[in-house]
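Think of it as A, B, C and D in the order they're written, each chain with its own count starting at 1.
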Amino acid sequence: MTVRVQTEDFDVGFEISQLRKMRKDTGAVVSFVGQVRDLNEGDSVSQLTLEHYPGMTERSLSLIIGQAKSRWDIFDALIIHRVGTLEPTDQIVLVAVSGAHRGEAFKACEFIMDYLKTEAPFWKKEVTQSGERWVEAKQTDDAARERWTTTHESIE
Amino acid sequence: MTVRVQTEDFDVGFEISQLRKMRKDTGAVVSFVGQVRDLNEGDSVSQLTLEHYPGMTERSLSLIIGQAKSRWDIFDALIIHRVGTLEPTDQIVLVAVSGAHRGEAFKACEFIMDYLKTEAPFWKKEVTQSGERWVEAKQTDDAARERWTTTHESIE
Amino acid sequence: MKIKLFYFARLKETLKYSTEDLDLPADVVTILKLKAFLAKRGDVWGEMLMGKLKVRAAINHELVDDKAAIADGDEVAFFPPVTGG
Amino acid sequence: MKIKLFYFARLKETLKYSTEDLDLPADVVTILKLKAFLAKRGDVWGEMLMGKLKVRAAINHELVDDKAAIADGDEVAFFPPVTGG
């Protein structure tokens, strides 16, 4: 399991390749790359600053991977999340999950993202034409996370 | 939309990055990388040869992307599938989907893989200790594809 | 009615044909009738096309079922269930 | 009871505190009581911790609710709902 919180950019191809080659019986790597959008809530965004809670961030991301591993038959998972100041089209986050088969890897990867969005202590502040503002948490993210508890069976 | 069938390997990082940067309002790229496993049906596999139906392959992959685009709010999708002779840990297939938000991109990517597995004219022959054999189609793949027609609402 | 035929994977290997041009009799107008027509070529043809093996068919690059109608100039293909990805 | 406190994001910005060490009165034993205790510092504290803003809390890096008990030596943090990813 790998969890990294860093200001530097990351190399998606390298990370996926490392995860893929870790085992010769790996059949699938599902990954998610998040990018800074130039648009949020209808306003154009020129910059984004990510703050986090050092220590708790790493702990919560590790716990999320642990939960994913206990729920699905996956081999390994990786989370890299950037902090600091970013611009549109910059990469923010990479989640990658390896496994023997695709179904479990898809579910685990989406689960990790949904939990990361609602449990990992990161906060975004964005710069728009009208100044700086804190990004508000979205109800759709809470709903996405809830799916894994309330309608768990129908998702699987 | 990009569909490529080729013998050469592909660069996952480059492809995801191209898709990601295509639009500044891209927020998510979900991808699947398939790798040759050294194990299938309990036997160790030393080599895999992929045959396909030129013309029909490209057509069916394009149709699958078209279906995904009509069902989910995604920006673009890419499929690269290798043919010819491959060895364990070689990459076989890349599917990548970009969109504003992760939920739609996750669904579209998994949908494309499930349809590719059951509709795109590729066939695998593998070399094991006991000789060559054609890989049999899996019922689990048919079931995975069926989810998108029969229990579509609950998946979404 | 003239068609072009393709065989793939296990069918190609066993039938020892990858492609052929055929001029069909007037009554061979569907995939099922074409299978039966080809099966008359002998054991391995019958086994492959009308036996226990699941055979899928395509007309002009589109998956079709046994009832699908064949037209002059069509490209028809027979192959096992697909196993890509 | 001595604790270490952290504030993040909008809370840190508005309260103008990122961290502080506190020696709590004996009756401040839960997150809710700690919020009420801090709110007494004045307007902006009350607004931020007991107002309309949703505030989440963590004890020793674990998300907790208002009823959670605080122990001596704990690291307690207050922050808005998270917005990473």
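Observations on the model:
FYI, contacts are C-beta pairs under 8 Å (C-beta built on N, C-alpha and C of every residue); 3 or more make two chains touch, one makes a residue touch a chain.
Bear in mind the structure is a predicted one, so any value in this text is a computation, not a measurement.
For the remaining chains, with chain B not counted, the touching-connected groups are A, D | C. Least step count on the touch graph, chain B to chain C: 1.
Centres computed as Cα averages put chain A at a distance of 22 Å from chain B. The geometric centre of chain B is 48 Å away from that of chain D, both derived from CA atoms. Centres computed as Cα averages put chain C at a distance of 73 Å from chain D.
Along chain B, residues 34, 102, 113 each make contact with two or more other chains.
Residue positions of chain C touching 2 or more other chains: none. Taken together, the chains touch in the following pairs: A-B, A-D, B-C. The touching residues of chain A, counted against chain D in their complex, run 34, 50-53, 55-56, 59-60, 81, 92-93, 113, 116-125, 134-138.
Within the complex formed with chain A, the residues of chain B that make contact are 11-14, 16-17, 20-21, 24-35, 37-39, 88-89, 91, 100, 102-103, 105-106, 109-110, 113, 140, 144, 151, 154-155.
Across the complex, chain A is touched by residues 6, 8-10, 54, 58, 61-63, 77, 79-85 of chain D.
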